[in-house]
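As written, the chains take the letters A, B, C, D, E and F, and residue 1 is the first residue of each chain.
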Amino acid sequence: MNAVLAIIRRDLLLAMRRKSEVLTALFFFIIVASLFPLGIGPESALLRTIAPGVIWVSALLATMLGLARLFAPDHADGTLEQMVLSPTPLGLLVTGKIAAHWITTGLPLVLLAPVLGIQFDLDVGALGVLVVALLLGTPLLSLIGAIGAALTLGVRGGGVLVSLLVLPLYVPALIFGAGAVESHISGLGAGGHLSLLAALLALAVFFAPWATTAALRISLE
Amino acid sequence: MSNRLISWFKYASPQSFYPLAGRMIPWFWALTAVFGVIGLWVSFFVAPTDFQQGEGYRIIFIHVPAAWMSMFLYVVMATWAGLGLALNTRLSGMMAQAIAPTGALMAFLSLWTGALWGKPMWGAWWVWDARLTSALILFFLYIGFIALQAAIDDARRADKAGAILALVGVVNVPIIYFSVKWWNTLHQGSTINLAKAPSMATTMLWGMLLMALAFWMYSIAVALTRVRAIILEREAHTEWVKDLNEVKA
Amino acid sequence: MNWGSPAEFFAMGGYALYVWGSFGVCAVLMILEPILVRKRQSSILRILRRERQAEILENP
Amino acid sequence: MLTATGLSCVRGERRLFAGLDLAVGPGEWLHVQGENGAGKTSLLRILATLSPPAEGEVRWQGEPVTVLAEDYRRAMLFLGHHGAVKEELTPLENLTLAAQLDGTTLDEANALSALMRFGLRGREDLAVRFLSAGQKRRVLLARLAVRKATLWILDEPFTALDVKAVDMLSGLIESHLAAGGMAILTSHQSMPLPNGRILSL
Amino acid sequence: MNAVLAIIRRDLLLAMRRKSEVLTALFFFIIVASLFPLGIGPESALLRTIAPGVIWVSALLATMLGLARLFAPDHADGTLEQMVLSPTPLGLLVTGKIAAHWITTGLPLVLLAPVLGIQFDLDVGALGVLVVALLLGTPLLSLIGAIGAALTLGVRGGGVLVSLLVLPLYVPALIFGAGAVESHISGLGAGGHLSLLAALLALAVFFAPWATTAALRISLE
Amino acid sequence: MLTATGLSCVRGERRLFAGLDLAVGPGEWLHVQGENGAGKTSLLRILATLSPPAEGEVRWQGEPVTVLAEDYRRAMLFLGHHGAVKEELTPLENLTLAAQLDGTTLDEANALSALMRFGLRGREDLAVRFLSAGQKRRVLLARLAVRKATLWILDEPFTALDVKAVDMLSGLIESHLAAGGMAILTSHQSMPLPNGRILSL
């Protein structure tokens, strides 16, 4: 347990050192979401309709961009080798790393999403649902993404390959996440979507660290 | 019991599977031809014209088999991959690798034929129907599997990494399917629902089944041929490969 | 039998483009794939034969 | 006591070595020698359980290392070609965090004294990426002074080090051996250490 | 001139070696574009309205992902140092690299865009305009992107930082590119937008290699 | 003839060296010595025009190198700590493409013979990432044999090389000097080359 906290602390410290990375993921999120009004035009009714989808897709992409940072630096400088050789079980260390990834990538997105929602003219209730959906959804994205990041580790062109592996697996999160906001807006209530999202999250918490650990061991072989 | 286990493992070694596959391939090609010819004959000459869709519906005789095979092959591929991970047999990974391109081909064919069908029927090449969308995602999963394996140089590592991806995919495919379905019904966007397709005449069903059998046999034949090439590539440095008749010749 | 003449058969009741487009691409791909696989097989066999030849030459 | 029997290693089509036996007991060290590409690094990675051998088995105190897993990893310390130091952290942070990941804690005083010992005085708080090639290497080697391990597996530990640092490091290895430790090293230069057995690949 | 061809050939050879990278950038393009309907909903009228914007934003993002590969590998392994020290003027080598980047990233996007257009139910005329717009726009994206890639070289977290620098600069390309298709659909004719895009491209061909070279020299110092 | 006058180098708050003068004429070589972190790499990078000096000036055949620019770069070859080889290309491709980027062409026979000379027979067609540490280094050094340059600036060229390769490389440097070339080297080990002047940092 101590080691998990240590690795979270370490990754947060590293993130502080290269602050620009964390901030840039955030700005990426904002910029991508803001590109749409530019590409599509300013009608606010149209924008309100597409808002949940656009915000969620932007969150997906921002998370995905951060995945390259998840294991690759540790792999390149040999730290990952040392982790595998460490007496602490690898699974724990991996869980710690995923948690740190969520804190540095997912959490800021959740906090920032309302601002974007306001840009797209969403009302307060919809903003609340958006935040809750992202709060459930972003850890899911980190967990699934970690599998992809581990699989593509040390593979040439891994940085782009990971998107190919991970984006299709993100589809349910996207559908339920954006769906929650949409069905709230259309008056149907977001409960169903949100509980499905929570169920997926529970499933992923259980399986993803295990699959990630297995994938890491394979890529180090 | 123990006897059967041993012989099973014997055929799980590339060395004994290679000639066995060589002997099986012609039979599967023959079956492909037989089912294919009868199936085509039924699809074009026996099955009646559809009263709603005219002759355009005949696409169904390849569309549905391709769609079925694309889903079935994914499960088969993941099973082999999982076996490889669990039992550490070399052949399993090679089988998974051999099946993937054929699976991707089937997924592509179902999309292609579906699109060519959709244009006359719905007036659009593509709609974001639940089934179409999940077929598209399945295609992406295949491509991801192939790309991952291609990107890893070490064959054993590629097998294991691919296996994990395939297994994660197998857990996800049903989730994706249902989520897409739900997404689609909520929006009530598409006006035509595939599930409400016209009830089929028995001859149509027969044609479809025969073509599905032909596709199935085809997939087995191609996968076996490909696995033989993979075996040779991977075992190139072993003695038994050097002693093969086709190498000596 | 549904068709009065070959022309009728090829016209497919006005759906020729779609039906033949499907069956055609399907046929092409399903012929191409085995050919490519055979090519892969024969190219690895060729390499193996060449290596064997070289080995024989080196230590007769 | 580390023993390996019948190890063989295949890379690509190439068999690097086969039927290799070795044994290292307390107080002993093994110098793995061989030309460039002979397979020294590959052997060390097998001994460290980073990659599996094509054939053969590695045993630690009589038990296969695959069975021991964690216990073996606790007893062993592997330092390879790679830095395994984070370029944006300082040497001090690198050292303490590495200890925490191993499940131990290292107080600042100990860490500082290890760094001093490795001649990094005045660089404790400079990010590693500013350090010179040899200084980076020293940060890595400082782990030897703080992590308790019985078996040291070091791949070319003397690379990039200046004369003073080489002396320091060999002194450290000697006292490790004197205390009953074991070491497996590779190096292309003659070793400034007595009594090593030599394994030529 | 010889050196320019040599570097194009070298980069294409490298791209062939890691084929998966090029292909994956393509699939990224397709997948991102396909995510939007999943987030927004399947109504085809709505989708047709947002299609040009979605396709252009996806092209932007796909190009941007490839930027990380533009100089970073050469920088990491010291090849870039050798290029700076090479007797051949750096500007020529840089031009070659940008050209190779467009051939491996931009050109495939242009060829694939019609397929996406069909998924979004665009008609043949609109598809044609889309292709022409991308043909003018993607080299522009490569040229502008190269400046960003050079500026962020060797900077920690450069991979994400580059998106922050580059995406705002991509806005004009996005507006005119997506605008061309939209104004064609609404019957206004795409000529104006396309000629603006061409003008931007001419400007960039002139200035971007120069700026990139300067930026490279700075980041190597 | 390379001359430098009054060079000084500042990194962060630290002045690594100041008022440094040096001169290397045809047939001469300079051995830059110093502890880890003394500033050897920094000096070499200044001489190679990769970073500007804080004070002082570097001249080549009497002209400042900043003025000569391309001409100086054509006459000079710098090989640093970094590999500067592409991991996914083969040694052969690496060598020919490096030559093309320098604006010369290298036919396959010459490239192959350079590789043979560096003991890479049988590895010409293996991607560099599969090579061992020493083999990677050899691919880089093979450029010495194919690129014509008067001044060689080599940062720790003997790192990771085995005994045979060290002999080979020093032979190469000797014949370069005998032909009127110049060389500036760093190394922590004693150099297997005669007649070097020593510059201690």
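Everything below uses one rule, namely that contacts are C-beta pairs under 8 Å (C-beta built on N, C-alpha and C of every residue); 3 or more make two chains touch, one makes a residue touch a chain.
Keep in mind that what you see is a predicted model, and the values were worked out from it rather than measured.
Colleague: What is the shortest path, in steps, from chain E to chain F when you may only step between chains that touch?
Modeller: The fewest steps needed to get from chain E to chain F is 1.
Colleague: Is the contact between chain D and chain F built from the same residue numbers on each copy (over half shared) or from different ones (under half shared)?
Modeller: Mostly same residues: over half of the interface numbers shared.
Colleague: For chain A and chain D, let me know how many angstrom lie between their CA-based centres, rounded off.
Modeller: 37
Colleague: Please tell me the distance, in whole Å, between the geometric centres of chain D and chain E computed from their C-alpha atoms.
Modeller: Averaging C-alpha atoms per chain gives centres 45 Å apart.
Colleague: For chain B versus chain D, what separation do you get between their C-alpha means, in angstrom?
Modeller: Taking the mean C-alpha position of each chain, the two centres sit 48 Å apart.
Colleague: Got the chain A residues that touch at least 2 other chains?
Modeller: 17-18, 155-157, 161, 164, 167-168, 171, 175, 182, 221, in rising order.
Colleague: At least two other chains touched by the same residue of chain B: list those residues.
Modeller: 140, 143, 147, 151, 180, 183, 236
Colleague: Residues touching two or more other chains, restricted to chain D: which are they?
Modeller: Only 81, 88 qualify.
Colleague: Name, in rising order, each residue of chain F that touches chain D in their complex.
Modeller: 11-12, 34-41, 81, 119, 123, 126, 130-135, 137-138, 156, 159-166, 188-189
Colleague: Using the touch rule from the top, collect the residues of chain A that touch chain B in their complex.
Modeller: 147, 151-152, 155-158, 161, 164-165, 167-169, 171-172, 175-176, 179, 182-183, 188, 196, 200, 207, 211, 214-215, 218-219, 221
Colleague: If you look only at chain B, which of its residues touch chain E in the complex?
Modeller: Counting only chain B, the residues touching chain E are 115, 124-129, 133, 136, 140, 143, 147, 150-151, 180, 183-184, 187, 189-190.
Colleague: Once bound in the complex, which stretches of chain E touch chain A?
Modeller: Contact set of chain E toward chain A: 17-18, 20-21, 24-25, 27-28, 31-32, 35-36, 38-41, 46, 49-50, 52-54, 56-57, 60-61, 65-66, 68-69, 155-157, 159-161, 163-164, 167-168, 171, 174-175, 178, 182.
Colleague: Taking the touch rule as given, give the residues of chain A at its contact with chain D in the complex, in rising order.
Modeller: 2-3, 6-7, 9-10, 13-14, 17-18, 73, 77-79, 81-89, 93, 220-221
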